[in-house]
Each structure stands twice: as structure tokens, then as C-alpha cells.
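A, B and C are the chain letters, set down in written order, and residue numbers restart from 1 in every chain.
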């Protein structure tokens, strides 16, 4: 178990390297420099050239990459080309916001989906079951931005209950969190329900009943313990989806998080910010997946002891 | 002596999309304390469903016990409410299932799974239950019991897992243990060990057993009495020795004939029972075995024979056959020599021949082997 | 030990049970799929959308690109407001283009965006996956490390970077951004399928019938195509069925952010993007394409679920 974990953690390094290389290559593949298309302060070609030289953008790409890696290892990602503040600082301002949004959405989706999935499995074909299947299908098939716009229309425009943009207090946080949570909640509900249905059909459930245990004890102590394992492993990809989903949500609701920063910086060709945020996201997702694998190993004794 | 278990006219049915399956269709039998009864039959004859019905473990949709009574220790299990039945399960009646790999919960330790029943029925606390669990594991010959009690099912071999199931069944000293194909999933050498274990434990604790299997060899050494089931009904009842020496039902003859014998010449052909098991959704109006019986007569397809005492046999020997009952045409038949009417055999084969070509091709391929 | 039924009898019984429901794997799956009402509904919707897509030039009342600012911002006929214009059944957007026509033409792009990358993913992923599994050794290792890296790259992130950076290049201009979109979607998604196929082939490689084919001298490539391929197919089919809506959703998301297909080419995502700007005045330019894409996604989800249930061997009886 330990060896496996260490191996996964070590794999992060070469993976991050390649992620950086690909991102670097692609972002430099776009023609022009970040100083070109700037409607606010149109610059003369000479000024642009000077800035390019200053920021090292005119040097050959492999050389730029080497410099970048050299600095990145020291966690020095330079300064934003647009805002002239250290990248780390800019990200530092946006990260807590995104983190809060993400964690809230994750908790909300778990709080909805786990009970819903369990109950609808236990009461198959009941009203609750159909309702939860309906909800799961909606959340899964309708794109998040469509739901977002729809909810904005109802709550913000029509009923004027909630604000559309901004972040800070509860009223601002409700819509973005709910919309972000819906997709994962839908997936988790389906998986939980399917997993419970599968587990409850197993032979060991019959054995448990044959010992005279109450149905409640059978469900919680025997069925759920097994059923939750596949659910736990899905939390990894779900978290990854949450992280990427937050881009769109932050864009729509103008939440000042890292996602919106990312999209803006891509438009502006703000290379240092692009690189740093890409690496950050890749890192977070890898950590999420590794954590899930570890948790899975802990929960399922067949895996825990096999290693 | 009052019987421990008295089953009268048990009928269990399954309501499916294709129709109502009459899985158990009027089964009656008794069992005394400490006795071992064997129920034999092929897959689908209703023996497992009978056992599950005794514990009321039939899944409610789609199954239902529609008729009958099960008197255990003087009380009708079918009339009890759910709480009382649960008090009996694992406590007075316990069950050992066929596949020990899937019948044990993979994410709970063995100790936990055995202690559960102890804590529930015998009201032991954790420590007591744990001690008793280790004792039980030692009883079924699991080495290093104390250490292994904290292991998980997948860490045991098949034979050991079945021992764990036996330990679990014995834990609350039940009066009756239902063993549903306890050795089918195991290697032959392990089978013998497990059966021995069951026999010794049964003797030591004076537990009654119902041993359910399709394997005649298993019941031969283990049981005092045997009931043969076919198509959801019991078709023959006899003491074990009597059944093998003096069977009185064409189905049983077919079974015994189809067993390859060491003292036969290698060239002798196996005599299978031609034909296929009955459709339990629409059972035939007469004897269930009639479509495959080479001794059949017209009455066999018109009425269902009752289970009655057979002439020329021991007093408790009963069979469900018009031919062997009082006044029947098979009363004096020597089944070793007389394999029935060749014309009926051809007719049965012809009915089988009505099957689609794929089936016939498969059978032909099987013949050539 | 002696048993009641001989092997010959058991076989006969098995075969007869099979004969009672006499079908092959594919026939069985097909029959089961047909019984699944949701899946059939989904299939119906998809076929309708496909027909709309194919016959768009004949069905759409207006050209989707031509602007007519005098007739801008009309509402759909059922909205009941005073801005309804009888020329435009579902209303017009802020540049005066007919929404109905744009919706119909959008289905064209969306269908294509769903199908083409998925086909590319299949071709690339399946061949690489099979090759890795079959040849093993360093080929396999190389592929696995490669896919690990791409896997670690969050999908949407990768797509955003590719689209954003290459959009304004020559590549990005081909066919209004479609070629780039296809390429981007294919590059990002082939990994999953390659892994799946590799896993399937690996598990099949061990099976006896490959030994049998080898023993009779069947050449390696024929083993791969004739024997391994069909059996690995079922989960692959399901995966592809879900790839199509995935690609459509990705395109819609990218277009919504503004780095997808270039206007004036209409796709549902582009329409939602444009509608978002004015949606405080009227929700319809957003809701209508939103409804369309949701409906098609729903249809594919039902179909995919139906396929999965139909092809899952465990579900037999």
C-alpha cells in the first residue's frame, strides 16, 4: 500500500513536466505576443519589441522553457504580463475563492446524492425513486451553463431574489454553488443507487438475513459498507469535473476565482499566469485522484491486503 | 416422540413476467431432533426453495409462500410475525449456503460476521462473543484461530471458508441446520473433509440436519433418510439404505442407473434419463415425470399420483408412482434388468427430437466425446 | 462422486433453455434494446435531429447567417408578448437572424461535431490500444506512460488551451474552426478509449480461443481482427455512444465561453453565448438552443444507457 502510494506521488513530477511542456508549446504556438492586441494602450512596434525583449519573449522557445522550468522548481512563476504583480500573489487571491466554491459544491452534492441514492435503491420504483432518477437525468444531461442561465432567470431576473454577479456573502454564493453541485450530484446519485442495488442482490445479504439480523442492520452494516466503495472511487473523477466545471460557473457569475482568472489570462496571452494556473489545476486533479485511490485501498480489505 | 419439524403441504410460488412458477408444489415431510435428512434432486426441482421457505427467506417480490404450514418446535413459522421469525433465524434454525465465497461479506472480518449472531441472539458482549468465536473456529479445525479471526474472507481458501460458514451456523447452538449444497463448490478431497466435519459436529451437538444436494454420493454416507424431489414435489421417501437397495420410482431408477460404475465394462453405454425437466410455470396435468418415463401408461398423463406406501418395501417407504403402488404394473419389476418399453423410449426421443437444430447439434457433439 | 444428471443431460438441458430464447449475443442485445422504451425514444429524437441536420438547407425557412436588423429581437409565437413577428416562428436574435433556421442549421454542426471526433477517437484509440495490448513490452509501457500524462491533463483545460491558442492560426480558420475543433476533441479523448480497448484485449488474450487460433496457424493480425476484436466490442460501443454527447457538450461549452466555433456559423453553444448577452430582456434566445441541446444530450444518454444494459452479459436472465 505504501509502495503504491509513493509510486503514484512520484509520478506526479514527470507528469507535471509534460503538462508544462505541452502548455508552454501550445501557448507559444499562437502567433503574436501578449503586447500586440491591446485596445487600451496600443503600442508602437518598437515598444512591443522592447517589451518582448524585456520579458524574454523573443528568445527561442526551448530556451524560454528551460528558464521557466528553472524558476518553476523554485516556485517562482514570475509576474503577470498584464498586471505586473507576482503570479503567485494573483493566484493566491483567487484560490481561496475557488476552493470555497468547490468544497461547498462537493459537500452539497454529497449531501444530496448519498441519501437520495440510498433511499431510491431501497424503495425501488417508488415516487422517490422516479423523482431521483428524473433529477439525476436532468443534472447529467442539461449542460451546466444552461441550468445556470435558467436559474439566474428565475431567481435573479424574474423573482429578483438573488444577485447575478459577484461573490462575498451567502446570497452571492447560493446560485454558483448550487449550479456547480448539480452535475456531480446527478452522477453520484446514479452511482449510489446502482451500487446499492448491486450490493443488495448479493449472496452475503441473504446470509446476513438468515442470521436473524434486522433489516436496518443488514442494510447499514452489510449492504452500505460494500456499496459505498464504488461511490468513493467515483469521487475522484467527480472532483476533477468540479474543478473544471468551476471555470464556466465563475465566468457566468463573475466569481473572482482562479477559473475566471484563467480564462481571462488565456485571452490576454498572459503566459506566466497561464502556465501557473494550468500546473496548479493539473496538480490538484492528480492529488484528487491519488487520494481517492488511497481511500479506496483503505476501505476495501481485498485491495488493502493484496499489496 | 414429537417431531422437531413438521412441514405440511408447503406451496411456494414465484410471480414472474412469464407466468407463475410453482417452485414448491405441495411438499410435506417430518424431521426428528438430531436426525439427518437428505433432499436430493436436480437443479430446479425446488429443493433450495424449500429450504429457504423454512426460514421464510423467500424474496417477497417475486416469491411468496402461498399455502401450507411449517411446525417447528410446536409453532407454525408461517403464522409468526416478522420479529419472531427473526428470533429463530440463526438461533434455532441456521443455514449453510452453497458458495462460501459470495455468501460471506467481503468487507467484514470473520470474527465480526460470527459475533453478530452471538451478540444478537445470545446477548453476549464484544469480549464474550470474540472468545466464543475463536472457540468455534477451533471447533471447525481452522488453524491459528485466534489470529485468523481478524482476517477477511478472501484470505481463506474455499474449504476454510465453508468451515467458517459452518462455525457461523453452529454459533448459537441451533436445533436444525439447513445445508444447501454445502460441498458443491469445493474440490472433491475437501468435500470429504467438510462432510466428515458436519457429521461429527452433528453427532456431538445433536443437531438435526437437512442436507440438500444433487449428488447421491454425498447423501449416501451422511443421512438416515432421503427424500427425492422432482418438479417441485417429493416423489420418493425412504431410509437411506432402503432407497439405494430397493428404489421404487422410475425417476430414482433412472438416477441410479446413470451413475457410472467401477465394475462395469468400459464399453458399456451410460444410460441417461432422456428428455428434459418439466416447465414449472405450466406443469403437466399428470405425473411430472411422465414425459420422460419409459414405463408410462395412459393414466400417468391424466392424474397426479399421490405419495403412498409401496408394497414389497420397508414400512416408511413411499413413492409417487401409479406403477409401483398397490396394484400397479411395476410392483414386481426388477429395475436392474427391465429398462422399460423400447417403444416409449423411442417416443420420448422423438419428442426430444422436436427441439431446434442447434440443440440437436450440441447433443450430437456431446455424444461424440 | 455420482451425480443425478450426466454431463450429456446437463448439456441438453442448457441447450434447450438457450433454444427457448433462441438468439445470439447480438440478436439478444438488439431485442433487449428494442424493449427499452427510453432508449427507443432517444433513438427517435436522434434520428429526427439527424434528418433535420441533413435536410437543413431544404427545411430552414431562412438563411441562418443573413442579418436583418430591422426585424431583430422578435419573440417566439407562443410567447404572447407584443414583440412577436409572424415571419419568425421562434423569434429572431439581436442581429435579426431567424432563430428557427439557426437552430436547424446548428443541429448540423452539432451532429458532425459529435460524430467526427468520436470516429477519430475510435480509430486512433482502438488501434493504439490493441497494438499496446497485443505487442506488450516496451510498446505497451510507452503507451501507458504517454496516456498517463494526457490523462492527468484535465479535459476541459486541455481543450481550452488548444482552442484558445490555435484558434487564430491558419489551422483554426479551416472550415470556420471545425477542423480545429475535431482535432482538439479527438486529441483529448482518445486516451480513455485506448485504455479501455487495451484492457479488453489484455483480458481476452488470456482466453483459450486465442491459443486455439494460434495453434492452427492463424497469422497474428488475423487473430487481432477476427477473434479479439468482436469480443472486446461491447464496452467500446457503450463508451463511444457516450462519447458523442460528450463531444457535443464540450463544443457547446467552448462556444459558450467564446473560444469554440467561430461566428457567424451557428451552433447551439454559439447561440447560447449570443443569447446570454440579451437574456435579461428576453430569455428565449438562450432557452431555445438550451432546450435543443439538452434534448439531444438526453436522447444520447437514454440510448447509451439502453446500449449498456442491452450489451451487459450479466443481465442475461
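Just so we're on the same page, contacts are C-beta pairs under 8 Å (C-beta built on N, C-alpha and C of every residue); 3 or more make two chains touch, one makes a residue touch a chain.
Computed from a predicted model, the values in this text were never measured in an experiment.
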Per-chain Cα centre nearest the global Cα centre, belonging to chain: C
Best-connected chain pair, where connection means C-beta pairs in contact: A-C
Farthest chain relative to chain C (centres taken as mean CA coordinates): B
Separation of chain B from chain C, taking each centre as the mean of its C-alpha atoms, in whole Å: 51
Geometric centre distance via CA averages, chain C-chain A, whole Å: 23
Distance from the mean Cα position of chain B to that of chain A, given in whole angstrom: 55
Parts of chain A lying in touch with chain B, wherever the complex brings them together: 202-204, 206-214, 221-222, 225-226, 229, 299-302, 305
Residue ranges of chain B touching chain A (in the complex, touch as defined): 55, 57, 86-91, 94-95, 97, 99, 102-108, 116-117, 120-121, 152, 154-155, 165, 168
Of all residues in chain C, those that touch chain A in their complex: 148-149, 152-157, 160-162, 164-169, 245, 249, 252-253, 256-257, 259, 272, 276, 279-280, 283, 286-287, 290, 293-294, 297-298, 301
Complex contacts: residues of chain A adjacent to chain C: 11, 14-16, 18-19, 22-23, 26-27, 29-32, 137, 140-143, 145-146, 149-150, 153, 157, 240, 243-245, 247-248, 251-252, 262-263, 266-267, 274, 278, 281-282, 285-286
